[in-house]
Amino acid sequence: MIWDWQYAFEILPRLLKVAHVTITATLGAFVVAMILGLVLAFARRSTNRLLSGVTYFVVEFIRSTPPFVQLFFLFFVMPQFGITMGALMTGILGLGIHYSTFLSEVYRAGIDSVDKGQWEAATALNFTSRQKWVHIILPQAIRPIIPVMGNYLITLFKETPMLLGITVVEMLSQAQIIGSQSFRYTEPITMVGIFFLILSYGASLLVKRIELRMDINRR
Amino acid sequence: MSNIQSTERPHTEAPIEGKDPIVRFKNISKSFGDLQVLNGVDFDLYPGERVAIIGPSGSGKTTMARLLMTLEEPTDGFIEVDGRQLWHKEVNGNFKKADEKHLHEVRGDIGMVFQHFHLFPHMTVLKNLMEAPIKVKGMSKAKAREEALAMLEKVGMAGFADQYPARLSGGQQQRVAIARALVMHPKVMLFDEPTSALDPETVGEVLEVIKEIAKDREMAMLLITHEMSFARDIADRIAFFDEGKIQEEGPPSQLLNEPKTERLGEFLHRFGIDGKGHNV
Amino acid sequence: MSNIQSTERPHTEAPIEGKDPIVRFKNISKSFGDLQVLNGVDFDLYPGERVAIIGPSGSGKTTMARLLMTLEEPTDGFIEVDGRQLWHKEVNGNFKKADEKHLHEVRGDIGMVFQHFHLFPHMTVLKNLMEAPIKVKGMSKAKAREEALAMLEKVGMAGFADQYPARLSGGQQQRVAIARALVMHPKVMLFDEPTSALDPETVGEVLEVIKEIAKDREMAMLLITHEMSFARDIADRIAFFDEGKIQEEGPPSQLLNEPKTERLGEFLHRFGIDGKGHNV
Amino acid sequence: MILIEVHLEILKNLLPGAVPTIQLTILGAMLAFVLSFMGGLGRLSRFAVVRGLAGFIVEFFRGTSLLVQLFWLFYVLPFMGIRLESGMVGLLALGLNYGAYGSEVVRSAVLSVPKGQHEAGIALNMTAFQRMRYIIIPQAFRTMIPSFGNLLIELLKGTALVSLVTIPEMTFEALVMRTSDAAHTLEIFTWLLLIYFAIAYPLTMLMRWVERRYSLGRL
Amino acid sequence: GRLQFFSSGESALQEAKDQKSVVIGFANEKPYAYQEDGKVTGEAVEIAKKIFKNQGITNIKPVLTDFGSLIPGLKAGRFDVITAGMYITPERCKQVAFANPEYNIGEGLAVQKGNPKDIHSYKDVANQPDTTIAVMKGAIEESYMKDSGVKENQIKFVADQPTAVALLNSGRVDGVTMTGPSLLAILQSAKAKNVSVVEDFKQPIIDGKEIKGIGAAAFRPEDKDFVKIYNDGLAQMKESGELYDTIHPFGFTKKDLPGDETAEEICKQ
């Protein structure tokens, strides 16, 4: 027997009890990643060589190395320098920073895809650099990258189990804990899988809607 | 037609009394890599004056406008706008390369309509016209809307205020582009083939708008065009551009009827204008 | 137009003996949502014939060409190309909507030059011209290269074979676009404002190329244009398009000099053509 | 001197773990790349059935986490009579998971090519396939590269999860070593970061090179 | 470091004997089973090696995985036996067939140096609701503590032993609990400065009985023959004193040796 319905219903409430941890961590980290990612994308485009060089290196390094080790440093090593944060907060920041480096690359691609004529038209109307970005370029840069940003929202959902490394128990860890008590893993892990699927499918429907809304009248 | 110009308004050969040029190109050169596109352009434009630039394809007309619009940097030479250096900044008597802040200031006097329009695809037609007045000039929303609608009315596009640009025909897009530049009321307007996508009827209407606004505001205009009749109609002066330089300039009547250089003669002949400025 | 119909050839005032039309529009309508753009267009084009379409901006000229190029589907009516239904397929006497395979077959007879050129930005000029002959017609590389270079030579762009399109001026891009369509040697060519970005001199040259090729190959041409002189020069017949219909058609001399409809008279008047077909 | 020995010891343990990490990264990337195009183009297909199927598969593998997929392939599939070896499980799970992400990248990039390019292709009577192959994809590819670069790096780090199916890759080796030598956790983790970076950086460089190659013709 | 992509399938005692090899699964937990310097060792592993060797099975293929995957892995045929010093519990008995006990030990507790909260048992933890204790995810101590009245929110789950010690060392928890030998081993390896073991830890009493941790190897329920030969081998070692010699180097003492209870009897309790 590989599936036991009664058992599945028994453990459902325990799984749902930590659902909010998964959701908070995901959304929190995504917001951090979106904002910081934009800052990094700008810093890399900066004409200040030092700023763009340092940003380049930092982005590449954070992007290329495992986030759980970064979380370890944030959680266990930073306190030695007097910076102590709660576990969930550390998790949100850590994952947020990690994925901001990815989003900065995504933004770069989006910005590059805006037609050069749009920059020129904005210059001709004498917008300031800031206005160009906010009103002309970014709105057009975001549209083609929305699906990819959706990818990262979904990725973050699924990366939250990593937070166990810094003592945050979210759904998948909870499933494993439940499993370890009864030695039936298939049900809890599969249920978490389905829950993730529902969340990420919901996210992807949302992304589709935004995509459609932004696409309307454009082409 | 207008091959007989009134003498009331003198031209470059006879400078406009007491007025300084609003735009002055001094020995401007521009290369793209190995390709030298502009090769020592000297050119003055006076307030309120309308100059048409004609010349073969690829001769550098667009490039000249782009330098003035600060979209491209000159390789050599100076451009002055209303007495101020455009690409340079005077610091203690020395010329330094202008920074973005300086460009932003001087550029405020100039507007441009692009050959490919470059409307903002994510905004409705109305928003396309309102964005810059509000954001750049700090105009109130209500006022900007009012002016934008009035301008759309003038170019015959009032019915399309809430459309997105992708839905418009070529000529409709071009009219919106013209309106978008005009609502900024620059002192100098650059038109890069502003009527190429318009039918003659609409050309006539748009022309009226441009002329009217020019009269009201003493707006100077630089018109790059391939339509001689348009040039003749609207321009106070025509400049013939070839091989990276202005080869010849003068009032339409003179330039089109009695070209001085052989090159211009040839150019006009191909167009089918005889010595009398008539189509043959 | 169809107010004077000869019985033998229902369309042009001077019918072409013994020939069937290569393109036939039958009662074609097209709406975008609520907006009815074409409203029962009837139109024939004969092999080797050159027809210019004129009309106000936004009247539906481009849309008409796009229907023929299968870029847009008609809401109603039939289009025939060389005797075959374009948008429909006959199966056992019934008309079914054409599938992609059918479109692919019939479309092979038609070529188009776009108002915005749509060159392939990731290919050099030469590659832009070679791609379709090789891939679509299965021509050998060497042959395609040779033909492409010859065609570039004709439009005066041979020196730019290895450039990428983004580097070209507007007129240069347009010439490449024309060349790209011509190397496919379609039976029918659609030009959407093919000379809007060209100076008169280049227009003349390009015109020669087009004419020459037309003569060689019996290629029919549909030219959407705003330049009356161009229309007069090149067209066997001019069709005046307005309010979703062809309002009037005929040989240039007749149509431009003695417009029958009031609407056309107005339209021409704005352009500054008097009753004699001369600029006023 | 003791210090150097510690570091040598760490490297001696970590470097063998880098071998499966690199193997899985390369093979997984190849599989994911192919699947990305199949999925992305499938979702844009004219045929509703293909679209629906591709959409379902993509949402499924994107929505359930890699960990859950690994778990199913390795621990549950044998009950259904299919026993795949650990390397195969790791490769499949990585390929399917990142292929699903990649297909969104492909889809959005293809959509970002201006409509006029399709139309020019039609006007030259290219078939739908030829338009895709010669006109659209080469242009879209340029837009995909930064996102593919991101995915490649993510896949590299995703290999850390295959320890679940008993593949002793580098992260796992580090964690194992940490158990027996917890006092040197910091050193072990620092080396782990450095080695990941050393693997990722050439990949990043490679992607930049590809990006430059495909930028020809852009201003 | 080589990857395998395909397998032949099938597994059992006979196959192990034919091929002279057996696949053992373990989680990295000192001192029961762990990997060091590329070699697999630990008390459970060493016992298994000796028993199998006597059966002519000389080739031991170790598969390292995390603790939670041990039982699913065994059942999915990913290895033939779990040699991780796994405790025998009634719940686990439903899933796997345990061999007879290898050791019999108690729990251990480590706290901050000087034991500022004065904790000597799980009850003490329960009585101070602001106290938090780190426990390995999936470890038995969670249920011991809960049965002693410790609240869910006092328990901090961690992924592995070093993390638990790191938490304690950095003051993020007040205590760490795991089996006695494990605790000693990890503290020794971590060289944590701010940590000390509670020497007089009182073993939890549950259902009126003092808890003892009894560890054993585990097989798939259908592999009865495997369990039998393993039990025979283990009995021999016990008699000859070889068992003590084998587990002693890993920090086990005489009092940690198993009694005469069989796995079957323990499962029934």
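Letters A, B, C, D and E mark the chains in the order given here, with residues in each chain numbered from 1 onward.
Everything below uses one rule, namely that a contact is a pair of C-beta atoms (placed from the backbone, for glycine too) under 8 Å apart; a residue touches a chain by one contact, two chains touch by 3 or more.
Worth saying up front: this structure is predicted, and the values here are computed from it rather than measured.
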item: Touching both chain A and chain D (chains); value: E
item: Farthest chain relative to chain B (centres taken as mean CA coordinates); value: E
item: Of A-B and A-E, pair with higher C-beta contact tally; value: A-B
item: Farthest chain (mean CA position) relative to chain A; value: C
item: Distance from the mean Cα position of chain D to that of chain C, given in whole angstrom; value: 48
item: Chain C-chain E separation of Cα centroids, rounded to whole Å; value: 83
item: Euclidean distance of C-alpha centroids - chain B vs chain D, Å; value: 52
item: Per-residue overlap in chain B, given as positions that touch at least 2 other chains; value: 116, 167
item: Contacts with 2+ other chains: residues of chain A; value: 185-186, 219
item: For chain D, residues that touch 2 or more chains besides their own; value: 71, 75-76, 79, 114, 185, 219
item: Touching pairs among all chains present in the structure; value: A-B, A-D, A-E, B-C, C-D, D-E
item: Partner chain C, residues of chain D touching it in the complex; value: 46, 114, 116-117, 119-120, 122-128, 130, 134-135, 138-139, 142, 214, 216-219
item: Touching residues (chain side chain A, partner chain E) in the complex; value: 76, 79-80, 164-165, 167, 169, 173, 176-177, 179-186
item: Residues of chain C defined as touching chain D within the complex; value: 69-71, 100, 104, 107-108, 110-112, 114, 116, 118-124, 131-132, 135-136, 164-167, 180-181, 184
item: Chain E to chain A touching residues, read off their complex; value: 67-68, 71-72, 91-92, 94-96, 134, 137-139, 142-143, 156-159, 163, 166-167, 170, 172
item: Residues of chain D touching chain E in the complex; value: 13, 16-17, 19-20, 23-24, 71, 74-79, 83-88, 90-91, 163-164, 166-168, 172, 175-176, 178-183, 185
